[in-house]
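In structure tokens below, several structures.
One chain, chain A, links the two complexes that follow: it is found with chain B in the first and with chain C in the second.
Let's look at the complex of A and B:
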């Protein structure tokens, strides 16, 4: 174990995690050699386009999907090796909030039943459903309502209450606000932030929305085709993106401003299929800076400046060739 | 537990709004009464033959007329309710329990389990239903209970397929993943998360199958594998009345009506129940 990743305050340490799916056309590399750490009480924002593997990553990390290869250290233990009682212990400590508040709740259960489920399953009787409802800002009169009677924001609060019921330390937030309208997004985000500040939760915040990630994250990782291409502190990444993909992503964020329009970096082509990938940099086909080396060799994530890692052969010295 | 009460409570409230379902419930209740109190209700013995009164049209002494052996049709219909309801309900329960279990396991676990179970079901479906029922009931021998088993087993694949397809569509939803993240066991997920969400098509299929079961019973009785004469059974009465349909039409009309009313009542109940079980319906 090297000293850089083995600090006391590291809660989750993911090393060379891989998840491959065998599909009829070959092997789908949903998550391909991803490593990162999250310190206790911090939020790592994970950004990427649809289908880049970020949700799969979130699910593997809390044990909902089996990993193909790699290690996920929770505290000091590799969670992927857990079984039986240890696994159920881990389940209590790592929870998830899902993207779609409509399909993530059982339509046949009332609000109180949904929130009571994790308590009943794990035989915890001391906790009160009403307290949890209060924590997430759900009025107690809603206890007997069914999910379809509530709006998206309230439904998502049920999802959060359900995740909090087991007193987790680590919560994967899988696009928790992308199905909500903007006003309610802000409410839910603020609630999540407050809970984090009060109770010291650690979040993995998955989103495709850069503004949201910027708002909640301490650190940000950008994912492209199953790999992390850039990882940096929140301020760093948004101020000084180094990977061409990150630069393109950031230039696409609409900003309300009277200043003259910034030049947008438009990516050519489409995301290649994650099935049977060609060697070389995954972004090479769409990169304006690509060189011969990019087509031959897939760059690994390396630290360019303190706390800022990029997976690009030419990070920091990009020259446009096209 | 209070949560079951509230669920049942709302279901009942919603069911009460549905007049057709209530009507169906009353009809079913009346039929059950007929079956239970047949001895007291029937004006004559179901097997008593009277050769002075062969194929007489409905009259004051015989409200629904008499059959080809001079037996009272009304009495035979009342006794027949016993058989038809028993076979209908029990045979469907057998196929519902077996079929839903097989379908749920196949759909939930998928992969090899799914393949093996569903191919077995396919094999059964490849055999003509009536033929299969005949094979089973001739192997088990005639008799009421064996008849129920035979009729029940024949419609297992239909329930299994229906259940499997509902399970597959529900399994993909995120609340199943949420339940797994909470650490719920497979049994709990199937019983509390999957089953309540695919009850609706099963209930409808069940009510329709009761009708089928009654008809299969009739067919098997007609072939001599089901209920043995002189015990009355609606389907058997219907087929016995076939030669006289021109001159004594009432002989086939009344058993036919009895079957139809039962089936319509069951369908109304099924429809009402399906709506009532769905919390999305307005209260």
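Let's look at the complex of A and C:
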């Protein structure tokens, strides 16, 4: 977070959040000591590859999965300590949109029923459905249609309408356009941006697609094996990535242009298993800059320049090892 | 329903052609037609010829086609989990392929299978593992090893990296590029990603509603796309190299239903530049400049559609 940001602008403040799963082979560190804040009306983009823990993180911060440890301040109160009425109040304020609009909708409910469901559960008069359909650009004639009759973009609009139904402040968008064709992807991204600008929603935008994250985010956090390895303002992160993983990730994105490209950094091997991790830096096994220290000690996220934090012992003074 | 219509393409030995379009444009159907894998009924190739190394595949007998498939022409599929056999070790799957298409048997075929696995970066101690024991990227590398085992002269890849993470995608792309130059295979890449095409293809064909609407080498097409649809494809996707703060442009409307194609140019109902002629009749492919073909009455002016 930019140090100049006033504290009262912060909507979500996540501190040392951990989510561990006990599996037969040991402990799976899905989210491991993650801290970040999101200011009101801003979008934090969370990028990382499959299995890095980004979706688990998204579900923990809105209370869909219980945390193992840590604090999640929504305004000034720790959401993880909420129960009863407080918890249901919070759940109205914090919503989520899932990746696959087909499996996250009920195939036996019409469009209007899907959107009305959160309103009915919370005893809010159901005529708001039409307003919501209008907000997300679904024609009213589609109210009685079923999910299988609609294309992916329209299905995802239902998912967004459901999330907006209870006037939330904070929305987790978990790969909201990854299952969509490029043409529809552009429509949904434009709609999400317009909603944010008009209504001041705060987003946590989870995606593996760096170009999409760059397009929507104010700030970006890069996740690797359960931890945030780099966090910076949108412009900074894409212009001057400092963590070796972020650098490799950015260089791997194919660009639809014939202009000369930066040298591609090819990572060897796959992301290791998050179960029973070795003590050192989690990226060390694939890092071209690795030193003795990296194998012994896991670096913490530290601010290298204003608003730009990196979890790497040698950030800013990387020298290729081999 | 006309899935693919009046399609003309040439692919030279050792070159790579990118086949780009949205879901439902007919990209995969075209690839399956080349391999003669269209199920009849309901599918039927109603006309045309597919010349491969001087012979028309359409006129071949079933036995001749089987001989070509997997040997001279092979395919990599989008989802490596569903295209591999879950009950066989990866080594056995490659050995099977070699056994079907070459005289190699037993130990010799097994040795060849291990060579192929080494070529795609899979260590010999993993050769007795089953597909589910591999990560997505490794499975796709197994798929590539199988496809290249018989050194085909044409390799068709249908969205080979769409299911993969970006760093793994980069590994697979590098591998395909390297192998293509080693084996001198011609390569037909089906994708929706113009970025991947820019990296590994020599030529590119843009497909819309079962037709090719633009076809050229990548230098000409990327520096000045001629078809309004091609331009739309470039503008609809957020990119790492464009200015921030802009809005993505959206091509209005939906692609036409292939059962009920509009009169005239299939893109005309959505085209920002359509004039009355476009709704009357389709232009057909014409050569706008040497080697740059476009199916449009009013192609974009040079400079009008430039991509930085």
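Following the convention adopted for this analysis, the second predicted complex is superposed on the first by the 313 of 322 C-alpha atoms of A that agree within 3 Å, B and C clash if a C-alpha of one lies under 4 Å from a C-alpha of the other, contacts with A are read in each partner's own complex, and residues count from 1 in each chain.
Here, a contact is a pair of C-beta atoms (placed from the backbone, for glycine too) under 8 Å apart; a residue touches a chain by one contact, two chains touch by 3 or more.
All values reported here derive from a predicted model rather than from experimental measurement.
Participant: Clash or fit: how do chain B and chain C relate after the overlay on chain A?
Facilitator: fit
Participant: Touch test for A:210: chain B only (first), chain C only (second), both, or neither?
Facilitator: second
Participant: Could you give the angle made at the Cα centre of chain A by the lines to the Cα centres of chain B and chain C, to the nearest 10°?
Facilitator: Computed angle, apex chain A: 80 degrees.
Participant: In the overlaid three-chain picture, which partner chain does A:50 touch, first (chain B) or second (chain C), both, or neither?
Facilitator: second
Participant: Would you check which partner chain A:95 touches, where first means chain B only, second means chain C only, and both and neither mean what they say?
Facilitator: First partner only.
Participant: Check the residue A:255 against both partner chains and state whether it touches chain B (first), chain C (second), both, or neither.
Facilitator: Touch partner of A:255: chain C, not chain B.
Participant: Contact-wise, after the overlay, does A:121 reach chain B, chain C, both or neither (first, second, both, neither)?
Facilitator: A:121 contacts chain B only, not chain C.
Participant: Enter the shortest inter-chain Cα distance between chain B and chain C once the structures share a common frame, rounded to whole Å.
Facilitator: 18
Participant: By the touch definition above, which chain A residues appear in both interfaces, chain B in one complex and chain C in the other?
Facilitator: On chain A, no residue contacts both chain B in one structure and chain C in the other.
Participant: Mind listing the chain C positions that touch chain A in their complex?
Facilitator: 22-23, 135-138, 165-171, 173-174, 192-199, 218-219, 222-223, 233-234, 236-241, 244, 247-251, 254, 307-308
Participant: Which residues of chain A touch chain C once you look at their complex with the stated criterion?
Facilitator: So the residues of chain A in touch with chain C come to 49-50, 151, 181-183, 185-187, 189-190, 193, 208-212, 214-215, 234-235, 238, 248-259, 264, 266-267, 270.
Participant: Over in the complex, which chain B residues touch chain A? Could you list them?
Facilitator: 3, 6-7, 173-175, 177-185, 188, 192-193, 196-197, 279-280
Participant: Please output the residues of chain A touching chain B within their complex, sorted ascending.
Facilitator: Listed in rising order, the residues of chain A that touch chain B are 59, 62, 64, 88, 91-92, 95-96, 98-100, 103-110, 112-113, 117-118, 121-122, 144, 146, 148, 159, 162-163, 166.
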